[in-house]
């Protein structure tokens, strides 16, 4: 296993062993951050955000700053002059001279992959169109590891838009590679996971799937409940939307029969799919999940940069 | 008196003793900045500017950088993705995991207060709508202390739009709490201070007030002259504006009868209410005032973060 | 020769000896960057970009960060609040209190010069309108020095829009002051260098000039080929554009008769004036040129800040 100098474009480019190494290091840093506060001294993170994403950008920046490194970049292609018609290949061959590691978010699918083919420094995909967002998946895995002590033998329910949701697809694919995971997939009929994904997951990894339209039906069996947003515009008709929308809003009442050690997650931002009253429930860990994301990104950058964590 | 872990939302939340502690520390840092150049090492300032304010933002950033800390954030809500409909409460519960102290500017009154109710790290109000801008007041107080050696026994004249000016209201309220301050309030009749403010100031603190329409009438008695801008759109009719506008422009001539040790201030930016020829007058300290603002913010952050200034 | 505390507004304000000192220091840093990694510790670079220029801004930021300094500023006047009608003179008298050295890009010619007349810290012109962009010229000189070991006895060909190109004019003027430089100026007839520039160069420095419309005619004699973009809108009529555009696109074929040690440069961004197949040619150094620009800026800032490079 060697991560130094690698790019992270798709979380499935990494083996389970490699993912586990990142997660484990992330938790080591989380438990003793001061030990790592100078680990990236002299290193520069380039944040190339061709579309804005405050959370992802600031999470990466915080990660690098907390290890003694520094940051440069742009938050928006409109503000930058990168729109002058230059190719991504040319841009990256200039900017890789300014930074030691780069996180790129781009509205076009495949742009980070293209960048990685020209860059002399590691490229991390910070989200490309509706395609991949691998550090969200790393964050999700690390959160599960932290609260469940392992990523195996779990019944993971995912609720929301399973047809279009990028976060969900990535998480499904990746979790399928861990031992003995079962999925309970909760969505309106129109927003079930795509057939190709279902086939990939089932046939390649023999993962057990239950598909349901009810958020409550299997509540008592669930170990991890991963809520996501259902965008109104995804529904085929207004009537369906009105009929269904409330049934996918998590309330304290719906949690009544859930396990005591349920782990409740959400990639954020939430709009209204989790009632504010749920925030007080000790099983609600979505804000903590966002915090843990900083440590997933610290570990990732440390390993791609090849820093010596024992120094 | 304990400032560690506190928020600064309204300057009047702090006692005179606490304000004096911030001012005194600011002047100590000003006189020996190198002693403090590592005091905030490892600390991250989050600058959440939901509306742009270059001066305030850069003053805070300079303050943190000069103490060895680092900075992340956004300069404009348009560039950030925080406009996705997420509540301030949710946003702050994510971003407080990325930084150790946060300054927030927001177009909506009360947003920083709301943020402070959810944040686990100190929130500083960097300006909320037409409401509060407490670090401008801290800057003003520190400047008076520096040039007058104390904040008491002073005749303070304030000239401009006293009806709507946020900076002015905050300064009036705060100065009223210091010993033996007298105000000379100079404005067109339509732009006198609001009655509620006048009553509060007079009745609660027994401060002597003179209201006048003339910038020159009391010039010879003034210790501190605080100029502000009068926006054309505040006048009820064009004729009044044309008749009055020049009378509130400070010129070298109008300063002829002023005290030799007059302190001339302005919160900046100036448009034309102080003639450029006045800049050469040694009593004009508005640019120095902006510089001193960095030290007011350094002291404030040091105390809210609970850094040990004797280490 | 004394550079400490100076401004860089026009590259021709500096003597050849001073330019050579910057270039030499830049190459020393390039060869041993770790020796300089703390040289600007505690120093703050202010990046005041009144119009966006991602490359220039990030190159400066990388330069300062690599020397242990820090950065604050804005990337776009729209995002900043500097458009409130305040004069550049007032703005700079506030912002020079926040930083130790400032790079300013401004759409208006002369704005950095004006700023330098009020600033208490060194101002570097990061580009003002169509006027000056001195650190691009420094970058070009350093690149020539690096690959040719000297800046003299060279046949320098410059191809593209020689009438309006700001980069080209600055390079022509500056190179003319170095010993025994000859120019081969390649452009469409409508886009030849302006007469005043030609007279200045020829009459003042006795530089030999060949003007030609052919990119290939003198290829075998050229030591340095500096390609630039020809903007379609510069042509007087569409027919001319269609007829000429391909003749100024550099291809591997046109390079067939070039010297083995030709140095091929471009200020970037390129659009299509250099064919992508040329990138693989070992004589193509435009991406390396952009990297070397960081070191030119490091050396410039070190000298203007008066840092002791022997410490």
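First chain written, first letter: the chains are A, B and C, and each begins at residue 1.
Operating definition for what follows: a residue touches a chain if its C-beta (ideal position, glycine included) is under 8 Å from a C-beta of that chain, and two chains touch if they have at least 3 such contacts.
Chain-to-protein mapping (UniProt): A, B, C = Aspartate carbamoyltransferase.
Note that the structure is a prediction, hence the values are computed from the model and not measured.
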Chain contact graph, described as a line, ring, star, complete graph or other shape: complete
Interface composition of copies subunit B and subunit C: same or different, split at half: different
Superposition rotation for subunit A onto subunit C, Cα-based, multiple of 5°: 120
Centroid spacing, where centroids are CA-atom means, of subunit B and subunit C in whole angstrom: 41
Residue list for subunit A, restricted to those that touch at least two other chains: 70, 79
Subunit A-touching residues of subunit C, taken from the complex the two chains share: 37, 52-55, 58-59, 61-62, 65-66, 70-71, 75-76, 78-79, 268-271, 287, 290-291, 294
Subunit C-touching residues of subunit A, taken from the complex the two chains share: 42, 44, 46, 70, 72-74, 79-82, 84-86, 90-91, 93-95, 97-99
